[in-house]
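The following blocks contain the structures, represented as structure tokens.
One chain, chain A, links the two complexes that follow: it is found with chain B in the first and with chain C in the second.
Showing the complex of A and B:
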């Protein structure tokens, strides 16, 4: 891995609700190198967005980051004052959201909204310069008629174009890290491919690191070099995309792989049996074991740790405890 | 947008005619011979005949309506039975007083209601919020006559409590009306702002690094004030159409008082006139609300322009 840009250490994000405390992120460790493209995968509700929101410092009440450290470029985000942290947001770390239809302010032109991100972090810029730069970024993200689109309102643009505006907003300050939270989930397949292509191209040109959150392993295979698989607030498996696709270890990851829609096969889409557990009533032991076909008595009692099955490839499953031990002895 | 507004204005014309018709019919079927009301019991027969003719009282109702509509279009709403003056001049006389009262009350309600709503939303569930919202609830729910009498009692000797001789006379009645309007506006501003602050684009703005104050002012306020603008336009039109209770309580000779006098004296032309005037003002207010909304909201503005 290149120089470490983002380090998440033992992150805990909890929602203090009336029904009880929901540990949406429950001891996550993660690293993203400069210019690296990292995927975070998991079913809906497993804490992907909350991990991202914790990095951004945007977790809303009744939620709170209540443990762990987030280091960005050597600075501790978690210990920073809000004012200092805002100087990094939108500037060095930016974020794209899942809902392009509602993520833009309906009463302000899209150009102004992007310009605001630019001017906020570049105080010396004149209005004219800022405008020109925004139009150039619009062109860069493939918005046709950029100068005209600058003065239009969000409702005048299609979903794909709005997501391009969001990407423009995220890229306008040349951030070191861009977090994309299911940026294409709300779009149809052809637009999805275009947007992913655009992001990949920008990422390579500008050397921006990307945290790509998705529930679709197909997107990860196309887009990322390294991968974290999350389940119920914990990382279940992590490693390079190459290694994990070659040697799937965790039964959960295996299930996700089989659920990727395959255009060629006519078979019914595979579903992992059972449902994501309620975060309020997590099973004792391994969180996945009630849905796991390999689970043994130990799985119901004890929580597995992350075992390194090969260098850089970690799995949170007792099936691989032995393997590590043996490798350790050898 | 021009097309939308033109359409919107044209639509009000049949509405107006319909309303005039309804009022005309309703007040025509009220029992009581207008001439008796007007002149008392002892009138000569030939006078009655002459008046009946000149006022078209023996024509069928639709001819009477046509005459009424025709005259109304020319600004003539007949003559008050009791005051023996033209209804239009009576209204023209009363309206400035109602206007001054309405403008003062509305201004008061905006200056107090909007900031109070914003502060309440920003400091949600704090002491200030509870305090403001308690005041607002009182303003909305306490009836005007009780607030009015309360204020008259408290300020008796300090401020004028009756009549319309100086700007000082405006203070108490404007407070009564303004408190009510401010309560509505503060509550609406608060709930609307809180709702907007949950929207996705606010999250986007936070992700840009926008500071909290700028978030409220530049991102949330415009969206959250859209419903408030509509409310303000409707409120001011209702204020302009005369606050019957407040004007009566404080003896302000405005439109509301005029209507009350007309009812008490069974003065049908005057009552018709004031009710139609009120209707026009309210329809106008709704029209203004729609136009304002459409100017403020680009989603409607642009679609209307296409």
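Showing the complex of A and C:
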């Protein structure tokens, strides 16, 4: 890994609800290098979106980032004043949202919206220059008839086009980091392939780092170089995609992999038994142990740490404690 | 994925092949050239307000007619002294309570004054009273409502303030203002602006509350847009359609409130007139001399209807979904 662009250290994001405190993100460590593609995978409600929102500073009440550090390019986002943070948002870190249908203001033309994002961080730009640049970005993200589309409203565009507009909005200031929160979930599969292809292409051209949040392992395999698997607010396994796909360690990751439908197989589709635990009543010990087929008595008592099974490949499971102990504590 | 891409490219090739069969290469080249030229000639430009209004007039004849009616009304009210030879306040007891005739188009009232003339002059007060306090109170209401919906810490304070205004009988509140400040037209504006904002604030607040949770607002915050910019550039335009309707509904309210104030002696002072005042004064003669009631009421009715139709038309123009 080259230079570290984003460093998340022991991040805690908690929701203070009437029923109790929900630790949506519970001590997450993460690193994204410049120009790197990192995937975050997990079931619904495992805290992957909340991690992204914490980076963006968009956690809504009653939620709050109440511990840990987020370093971006050497600057601490968590200690920054809102005004300074706004300068970085959209400019150096941008986000693509899940729903292209609702992420655009319905009463403003798409061109204007992208132009607003551009002008916000480039005060000196004239209207005409800004407009030309927006049209160029539209062309870059493959919007046909870019000049014509500029003056159209979101409802006049298809889902795929809207997501392209969202990508254009995220790309227009040439950010260093782009957070994509399930960018293709709301799109059909043909468009999904196009959008992923486009993002990869832009990412290679501009050297933007991408944090890809998804629950689709296919997307990760195609798109990412490194992977974090999250479960109930914690990172369960992390490492390069190649390494993890070759050598699945954590029982949860293994379950996820098996749950991908296989065209050839005639067998019933595998599913991880049990349910995601309620974040209010997390099991003592390992969070995954009630659903884990390998869990032993120790799993119910103690919480495992991250063990390094091979260089750069970390697993939060006691099954790998021995292995690491032999190699020496990481 | 690879197999999918292969299938897609195969499908594309097949599609191209089928087109190839239909057209000669020259024809296709020409078509491509033409399409390219069209694109070059196309000037990207969103519709200006003028174009929008023009298209509204083309498609919505009622709205266009309403605009004309309002313009005519404004014209005759401004040039009232040029259009009628009577003095609106001249008492002529010889000619009291005359029905409409060639000399007095709308008849005369209980003091022998020409009703048509009084409608023209009274319109000055009524039109201003309809538009100015409504605009002011709506502006206050929009700011209050948006702040209270978006900045949640201020919500309770502003909404309790609005509750106080709404809980008070509005006419009493306005009377207090008029008594303390004195009965002038300017003070009518102040009094009516003070009582009118609370309703607007509530409506804007409720819309802001639902809009602020929308993803596009979150996306804007994610782009680093400031709070106030989000409120006025992203949320306000989404409230506009209902605000326009509200505006056209608030105007007759204001006109009637002014009539009530005048009737109670703290609004427009006799001998000056306003439409509302003329209607309330005509009550005693409603049966014996109905023209005293009918014509000022008609003036109010026409204005309110025209404003409503125009408001509908404007709302359609502003709503981008209605665009073809």
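Going forward, the second predicted complex is superposed on the first by the 323 of 330 C-alpha atoms of A that agree within 3 Å, B and C clash if a C-alpha of one lies under 4 Å from a C-alpha of the other, contacts with A are read in each partner's own complex, and residues count from 1 in each chain.
Everything that follows uses one rule, which is that a residue touches a chain if its C-beta (ideal position, glycine included) is under 8 Å from a C-beta of that chain, and two chains touch if they have at least 3 such contacts.
Note that the coordinates shown come from a computational prediction; the quantities given were computed from them, not determined experimentally.
Look at chain A after the overlay: chain B and chain C clash there. A count of residues in chain A touched by chain B and by chain C gives the higher number to C. Shared-chain residue A:222: touches chain C; no touch with chain B.
In the superposition on chain A, A:89 contacts both chain B and chain C.
Look at A:285: by the touch rule set out above, it reaches neither chain B nor chain C. By the document's definition of touching, both partners, chain B and chain C, reach A:105. Of the two partner chains, chain C is the only one that A:151 touches; chain B does not reach it.
Applying the stated contact rule after C-alpha superposition, one finds that A:239 touches neither chain B nor chain C. Once chain A of one complex is fitted onto chain A of the other, the partner contacts of A:193 are limited to chain C, with no touch recorded for chain B. Chain B is struck by only one stretch of chain C after the chain A overlay, and of the options 1-9, 37-45, 73-81 or 271-279 that stretch is 271-279. Overlaid on A, the two complexes show chain B and chain C touching the same residues of chain A, namely 56, 58, 86-91, 94-95, 97, 99, 102-108, 116-117, 120-121, 153, 155, 166, 169.
Residue ranges of chain A in contact with chain C, taken from their complex: 56, 58, 61, 85-91, 94-95, 97-99, 102-109, 111-112, 116-117, 120-121, 131, 135, 145, 147-148, 150-151, 153, 155, 166, 169, 189-190, 193, 218, 222.
Interface residues of chain B facing chain A in the complex, by the touch rule stated above, are 199-201, 203-211, 218-219, 222-223, 226, 296-299, 302.
Residue ranges of chain C in contact with chain A, taken from their complex: 1, 4-5, 8, 39, 42, 44-47, 152, 214-216, 218-226, 233-234, 237-238, 240, 318-321, 323.
Taken in their complex, chain A has these residues touching chain B: 56, 58, 83, 86-91, 94-95, 97, 99, 102-108, 113, 116-117, 120-121, 153, 155-156, 166, 169.
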